[in-house]
Amino acid sequence: MKKDQVKDCKDVILSMELIAENLNEVIKVLDREAIISMLQEILEGERVFVMGAGRSGLVAKAFAMRLMHLGFTVYVVGETTTPAVRQQDVVIAISGSGETRSIADLGKIVKDIGSTLITVTSKKESTLGRISDIAMILPSKTKNDHDAGGYLEKNMRGDYKNLPPLGTAFEITSLVFLDSIIAQLITLTGASEAELKSRHTNIE
Amino acid sequence: MKKDQVKDCKDVILSMELIAENLNEVIKVLDREAIISMLQEILEGERVFVMGAGRSGLVAKAFAMRLMHLGFTVYVVGETTTPAVRQQDVVIAISGSGETRSIADLGKIVKDIGSTLITVTSKKESTLGRISDIAMILPSKTKNDHDAGGYLEKNMRGDYKNLPPLGTAFEITSLVFLDSIIAQLITLTGASEAELKSRHTNIE
Amino acid sequence: MKKDQVKDCKDVILSMELIAENLNEVIKVLDREAIISMLQEILEGERVFVMGAGRSGLVAKAFAMRLMHLGFTVYVVGETTTPAVRQQDVVIAISGSGETRSIADLGKIVKDIGSTLITVTSKKESTLGRISDIAMILPSKTKNDHDAGGYLEKNMRGDYKNLPPLGTAFEITSLVFLDSIIAQLITLTGASEAELKSRHTNIE
Amino acid sequence: MKKDQVKDCKDVILSMELIAENLNEVIKVLDREAIISMLQEILEGERVFVMGAGRSGLVAKAFAMRLMHLGFTVYVVGETTTPAVRQQDVVIAISGSGETRSIADLGKIVKDIGSTLITVTSKKESTLGRISDIAMILPSKTKNDHDAGGYLEKNMRGDYKNLPPLGTAFEITSLVFLDSIIAQLITLTGASEAELKSRHTNIE
């Protein structure tokens, strides 16, 4: 590309404005009861496991880091020393479409083990949405089926058709939502320091 | 924690609203010239390298995935097969404080090699801000020095004091900003398909 | 465990001796023609992709690092910026049982794309062994079916029954074998520096 | 490279034989007392942390996976949810030269925290060798200083001079050694099932 070909940055600004606007619309329609249940389950679970594929997997890791900072025993599915899931654990899946194959397959195993499964998704009527104890819906204005099927398979085939704009809204919204879950967990765990002190030992 | 201890989800909603509000304020004060230069450098660079520590590293990976989808040759510093940086490459560092030790050290090496260094940060007056060819400032209302020093060192010491609310705003803003850079790159590379066709081969 | 409970280290020494002995036995029965074909395919492929689950995945990464050092364009399946596989590429799978589900599924896609598939395995008569262009057999004295099925699924269920001694021999043998492939590639690429010079640019 | 350019695979076979031979020589000179102390410390530590850069980091991960299978609480330094190190923990560093900068820096912090530091290295007289509670020496016939300095820095500069043959012997020997540590830990933890039962819960 030649020098000085970029004349302006209008698309960057417009895209940021649309994302902020979308965020404000999502806030209005969030299911408050589902959020309360999600907070409760995270606090009651013995350990927390997070999982997601591709960019949703990065959002899952960003959430897991914060939970670890807060003193929770938390694992990312697929990392080196992640132990087996047990019945008392809570597993949180991040999947925009609710159909990401590898994550949906693992979700079924989680339900088979008897653990609590929470899915953060934009589609209630999806494989993960239907089998989850809590389907935390972050609605997305656009059709969001790009991550259905195996993520690695689609990656291997180079199947990125229309990927950029579609998934982005969900990924950002889920990061903002999960960081806000952290904000309330700070208040909640601070308020019951005695009960959660073993989890807090790393924050000193 | 006992059953039914969570009474509401006010903090979750409030936190989401604050993040959306902060995002809108950041949009107003962005340096348009810096954005245009950043787009130009990404298009002109032979290859793109991204780097960041902790959650900023996850944002860097999320950006790298999208660049790869667009057909750019892109690498994450620290991954298994990331090759050596060369003079014609562009290196993009993500660091809220601009002082993250490992990233600042690598930034100096990048300048030593003679490559273009772009830092996305909230602090212009910082180690990385000062040595970068482009310091892309995403201002943050709060003091944001939590990731100065070695990330792994702070992690090892359990030094998470005040971590949650401070870094969060920067990390979300940088993800939104970089996804919006992608939005304009879609337009730009689409408009010059002939020139960039070798990069595009995976998007068919 | 109480102080001074460990009286000796006989098992450590015995285990190391057994591994060295097993290695010497494997060397004797290696298919020389398959090795030559494998070297040829790696040199002819446009790019090299490696894949494996669990500890076999770590062996794949260790091999990929060395190929990158040698100047090859090489990617680890599943990492952030790994692009789509194309027909002219070579894909190398590492799977002791040849049945690791996720890797076998990806192997089928590789054949579907039309790329060259090489599997390093201990079982010729296995899903991956049968569909591969080259099945590089590293025989293992023990029944080695522990990594059949989905690795993440078995990990999630805590299904580590008899894991330690069984897979170990294969993983070590495959690391030794692949590092020895590197040894000959150093000679081979050095001998044809002119032809491979673009790949070599990072080794200066 | 042209078709049929590879005439034989003598270097592959020779390299495998040399590695097996080197392994047998290392076994003869291992410090038995150091091995016994290492086993004891791993059993007594509250949690185990492993660390290493580049290929030594992959060996560290392979060891960590097996410890997790055995029921130990184990973490890889640098992974998403690795918590802070505490005094009662054991930290195991893998570094051929004993000088890998990032690992040596973290080793000093480990000693500062007061945890037990074990280094698996080929050089007793090295930064890590000197500060460790146990320096587990795996001697290497060749000069092995290639991983001194910052791994990511050398990677960024493309400084792979003489990398392949030198580090390989140490990496393979350390993998074989650590897998043999696992073999004895299986016996040891099986022998004291009652004491270690909480660690064993995942192996059922």
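Labels A, B, C and D are assigned to the chains in the order they are written; within every chain, residues are numbered from 1.
Assume contacts are C-beta pairs under 8 Å (C-beta built on N, C-alpha and C of every residue); 3 or more make two chains touch, one makes a residue touch a chain.
From a predicted model like this one, the values you see are computed outputs, not experimental measurements.
> By the contact definition above, name the pair with the higher C-beta contact count: A-B or B-D.
A-B
> Same residues or different residues where chain A meets chain D? The copies count as same if more than half of the interface numbers are shared.
Because over half of the interface numbers appear in both copies, chain D and chain A meet with the same residues.
> Taking the mean of the C-alpha atoms as each chain's centre, how many Å separate chain B from chain D?
Each chain's C-alpha centroid was found; their separation is 33 Å.
> What is the distance, in whole Å, between the centres of chain A and chain B, each centre taken as the mean of its C-alpha atoms?
The answer is 20 Å.
> Touching at least two other chains at once: which residues of chain C meet that condition?
Residues 61, 65, 82-84, 86, 158, 160, 202 of chain C touch two or more partner chains.
> Report the topology of the inter-chain touch graph, choosing from line, ring, star, complete and other.
complete
> For a test of understanding, state which residues of chain C touch chain B in their complex under the given definition.
Residue positions touching the partner: 61, 64-65, 67-68, 74-76, 79-84, 86, 201-202.
> Of all residues in chain C, which touch chain D in the complex?
Within the complex, chain C contacts chain D at residues 1, 3-17, 19-20, 23-24, 27, 30, 32, 35-36, 39-40, 43-44, 54-55, 58-59, 61-62, 65-66, 69-70, 158, 160-161, 163-165, 168, 171-172, 175-177, 179-184, 186-188, 192, 195-196, 202-204.
> Where on chain A is chain C touching in the complex?
77-78, 82-86, 102, 105-106, 109-110, 113, 150, 152-153, 155-159
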